[in-house]
Amino acid sequence: MTAPSAFDKLPPGDDLGLGLRSGARRWMNKDGSINVRRVGLPWFRPYELYHRLITMGGARFLALLFLGYLLTNLVFAGVYLAVGMEHFIRPGGSGFVDRLLDAFFFSAQTLTTVGYGHISPQSHLASAVAALESLLGLLSFALATGLLYGRFSRPHAQIRFSRHALVAPYRGGSGFMFRFVNKRSNQLIEVEATVVLSRLDPETGTRRFHTLALERSRINLFPANWTVVHPIDDASPLAGMDDAALRKINAEFIVLVKAFDDTFSQTIYQRTSYTAEEVLWGPPFTPMTRPAADGALELDIDLVDGVAG
Amino acid sequence: MTAPSAFDKLPPGDDLGLGLRSGARRWMNKDGSINVRRVGLPWFRPYELYHRLITMGGARFLALLFLGYLLTNLVFAGVYLAVGMEHFIRPGGSGFVDRLLDAFFFSAQTLTTVGYGHISPQSHLASAVAALESLLGLLSFALATGLLYGRFSRPHAQIRFSRHALVAPYRGGSGFMFRFVNKRSNQLIEVEATVVLSRLDPETGTRRFHTLALERSRINLFPANWTVVHPIDDASPLAGMDDAALRKINAEFIVLVKAFDDTFSQTIYQRTSYTAEEVLWGPPFTPMTRPAADGALELDIDLVDGVAG
Amino acid sequence: MTAPSAFDKLPPGDDLGLGLRSGARRWMNKDGSINVRRVGLPWFRPYELYHRLITMGGARFLALLFLGYLLTNLVFAGVYLAVGMEHFIRPGGSGFVDRLLDAFFFSAQTLTTVGYGHISPQSHLASAVAALESLLGLLSFALATGLLYGRFSRPHAQIRFSRHALVAPYRGGSGFMFRFVNKRSNQLIEVEATVVLSRLDPETGTRRFHTLALERSRINLFPANWTVVHPIDDASPLAGMDDAALRKINAEFIVLVKAFDDTFSQTIYQRTSYTAEEVLWGPPFTPMTRPAADGALELDIDLVDGVAG
Amino acid sequence: MTAPSAFDKLPPGDDLGLGLRSGARRWMNKDGSINVRRVGLPWFRPYELYHRLITMGGARFLALLFLGYLLTNLVFAGVYLAVGMEHFIRPGGSGFVDRLLDAFFFSAQTLTTVGYGHISPQSHLASAVAALESLLGLLSFALATGLLYGRFSRPHAQIRFSRHALVAPYRGGSGFMFRFVNKRSNQLIEVEATVVLSRLDPETGTRRFHTLALERSRINLFPANWTVVHPIDDASPLAGMDDAALRKINAEFIVLVKAFDDTFSQTIYQRTSYTAEEVLWGPPFTPMTRPAADGALELDIDLVDGVAG
């Protein structure tokens, strides 16, 4: 029922190389990143920089923009001071602070192309620096436009997973299950889930991977929450295990979710993992939906972690 | 013939949780949205805001832009008044209204970076506020650029479904059918349709889902209209049913259409549903195409609802 | 070998409705558009407008932009004249032409936000109109930015098909073949071709469609030209036919090509058709490639139509 | 195990036409481009220009932008001089250099819409040219915005292949192998590899292509490096060959890698090839990962070429 995964084809000792000597660490973090640090990269990597600028938090991004504006103006103010403020028509006084601030604000008026003109370059040298700065200003704001658009239009994490996975009663037997919900109001469709059990092989000290069969691995529409269930039958690698056994093998459940966001016509991937410590043994999840006073159905996002009892 | 769907795999009482106690409401609205309301979300959600800004109507969007412009200028006019208009070179009189309007229009000239200069900051304090405002102005218009582009380039609903579905004669027997048409002149290709019958299980009070087999579920080109037909043969869940029976089980036909818009290289999804009340029993659809005077074929979009008799 | 197509599933008299009474017209034009005209559409359709603006020729697009700029300035010049040019600080004379041109150029300086300031609004009324115009200016250029980006980043036709299809010798027998070439230097990959024979059914007067089996329907890399071949064996609907027979049934060969452009990460579709009149019976295509003086291989795009003899 | 490829369906002498008389040249270059030069193209190709502008190096792109700015200002300075600088309010002297530089800087202030106003058009003729230039300026910067966004958002090569392929011990026998690594920190997922052996047929002088079966052709996650292995068993076209034999048939291994970059929701393709001279016979690759002091796993990109012994 589960789509074929490369995980269960990994031979022991495969050179993905992860898991070696890492019994104490999780293979995948809760946010879906994997514990690998890249070294040997060049110092200046423009696309990594772009990547970081469109993925960082909004407040930090705005602070960076503001700092960049401040710094650029300071640099150009320095250049204008070096050129000499006598090269400018300007209203200000002759003290250093006055000259510095006039230079700074002339720079700001040039960089943003507001150009009131009450401060303006009088000599050709000053004009030349200003011509350069206004070009730089326009290109910077062209870049900012691209960054702002890139920030909003790129695929965003919008799935919230339950904090714990459960081993709970399921159809007469029991099942491994977790659930997730779309935090946003745009519709996700064609949602697919893959679950892989990763365990530590005590003999080789390496991690082994087993794809778990799911009761259902794909849904067409995703209006509310979805509880993904791996039935623990005789064929399951979890058959006969209990909490202690899971912890002993350093079990970690890798979760891959793929969906299509039809607002942006984009395929979205999101990942998470549950360690043995994050699996609760016992009661099932409690409902997340309830009928509202007006007859509509309400889905309470905050209930995603709710477990009975 | 129909692609496999997750609907028909849903076990009774599945925790999608929809349909419970909702016999009187439709599961999916005509516009394809589903009757679920999300609660427990944070107050400020920038991507939802973005989403709303690029999906709202054009007139409302422009009105919002205009209001935002007005408001920002009012706020900055207040700041300039607080700084004191004596910090500005300006032509206007000394009354409050004159000072306010000068402040307002200076703000507008700064925000848009038009910067005529006949009003200009005389003090460093005024210059500093103006430098901030022009930065804000450029970033706002960068955002507006992204929003305008996002509004036009995102996938758009362009399919118009017939208002009613029919149960009409089909190849000696009868068939459940509806039709749809591409309202726009860009070509849709690789169009796929899925139809799911949703019914209320009287015993459990929950909704059950059955994917209906289609005479044809995919077409390569979509130059005109497409009538999707589910032949009512012995294997059909509709076999032997009539209008009253459909209403009694609260039948609702969920329609999912997927297509590729090759102008924008985007996959487009559109959904709708027909309740039992929206199914007409009897005559078939009337043609939507007719030869024009010049020999070309005309497709009349307004005829999509046309039923014989 | 050919991927399944919806064409060969079309029953006779299907309500795609095309081909009826159209024996004299081709079903698909050379540029891949289909001879259907939509009527009943609303007068104002913003996305169609957008679509037309990003698909029209470059010269026409620039002319439209220039005209729009001219017209907007004329309209605002009219408004400023109505307000009265005495509301402006301005250098010009008092004659009508002088006032008109000052109004016009003030408008241009406001719309583009260049705002020199030698003409500037003196009254609050004039300032208000100018504030509105500069807002409009920024939004218009935001739109223009989006349009320019949309024009370049959308998928573009880059395949050039041979003018004629051939029925030529192929592996001891004969085959129906045509070829095409990538006109541009960006690489197309995973190229797929589908060929459908459309013929007029003399009894019903409708068009029937038959997908033709291809020697090869997909190539991974497309560095040069590709000759698509349908071997005319006993199973072929073309078996035993000659030029006259093809013309008699009003044969038309519909060609669908799909490819992936990895410069833009976009799937590209291109279509064309060959009528019976555009099929040459006899010799094969001549080569399009030749070794250059420096040992590289040259592909001459202009030779795509070359036929031996 | 390998996905079907068009390569192994190519009949001898196929009109892809490549490989003819090219025993001395490689079919595909290390960067994945193929040795075909297009001729017969029109002189002006806007989309090729766009393509080149978004794929060229960053320094060259910025230099071009700067040169374009300089040149445009020079051209307009010429026009303003032709109009006559007496049509301008301006501070400068009356010598030619003064007039030229005033014209140049007025142009720069107009093109960037900074418009200080200390130089401003006095006559209607000068105003008209300036109105045109400011329109051109805004459109140019709209284009630059699109180009900058296009440069960053397009799919980028981010895979680094090992410099050599190896024929090294593999599970008791031997295998043909190479490895690659994601140079960037954004996650690649659903990574697929295809390897095709191209050899020169001594009889016909043409190249033949054979897809090689891989131990594993797809991985879901790609956190570190991936060594792609073709086991040399009895079914392998490499069975029984040695270094000399590979060189004798002019062997070239074509490598196609496909992946999904979920930061940008884009499918990425990257290609390379290994000639017989680039295959080392003997020891295997050395590990690229090592545990860091803090317990994390470090992946050293520079070790991708590392071979034991």
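Letters A, B, C and D mark the chains in the order given here, with residues in each chain numbered from 1 onward.
The rule we apply is simple: contacts are C-beta pairs under 8 Å (C-beta built on N, C-alpha and C of every residue); 3 or more make two chains touch, one makes a residue touch a chain.
Just so it is clear, the model here is predicted, and its values are computed rather than measured.
Visitor: Taking CA centroids for every chain, report which one is farthest away from chain D.
Guide: B
Visitor: Indicate whether more than half of the residue numbers at the chain B-chain C interface occur in both copies; give same if so and different if not.
Guide: Different: when the shared numbers are divided by all numbers used, the fraction is under half.
Visitor: Round to the nearest whole Å and give the separation of the Cα centres of chain C and chain D.
Guide: 26
Visitor: Where in chain D do residues touch two or more of the other chains?
Guide: Within chain D, residues 109, 113-117, 145, 149, 264 contact more than one other chain.
Visitor: Taking the touch rule as given, give the residues of chain C at its contact with chain B in the complex, in rising order.
Guide: 5-7, 9-10, 15-18, 20-22, 24-25, 33-41, 45-48, 50-51, 55, 89, 109-110, 113-117, 120-122, 124, 127-128, 130-131, 134-135, 137-139, 142-143, 145-146, 149-150, 154-155, 194, 256, 264, 266-269, 271
Visitor: If we count contacts the way the header does, which residues on chain B are in touch with chain C in the complex?
Guide: 58, 65-66, 69, 73, 91-92, 98, 101, 105, 108-109, 112-118, 141, 144-145, 148-149, 152-153, 156, 158, 179, 183-187, 189, 216, 218-221, 223-227, 260, 262-265, 285, 287-289, 291-292, 295-303
Visitor: State the interface residues of chain D toward chain B in the complex, per the touch definition above.
Guide: Its residues touching chain B are 113, 115-117, 145.
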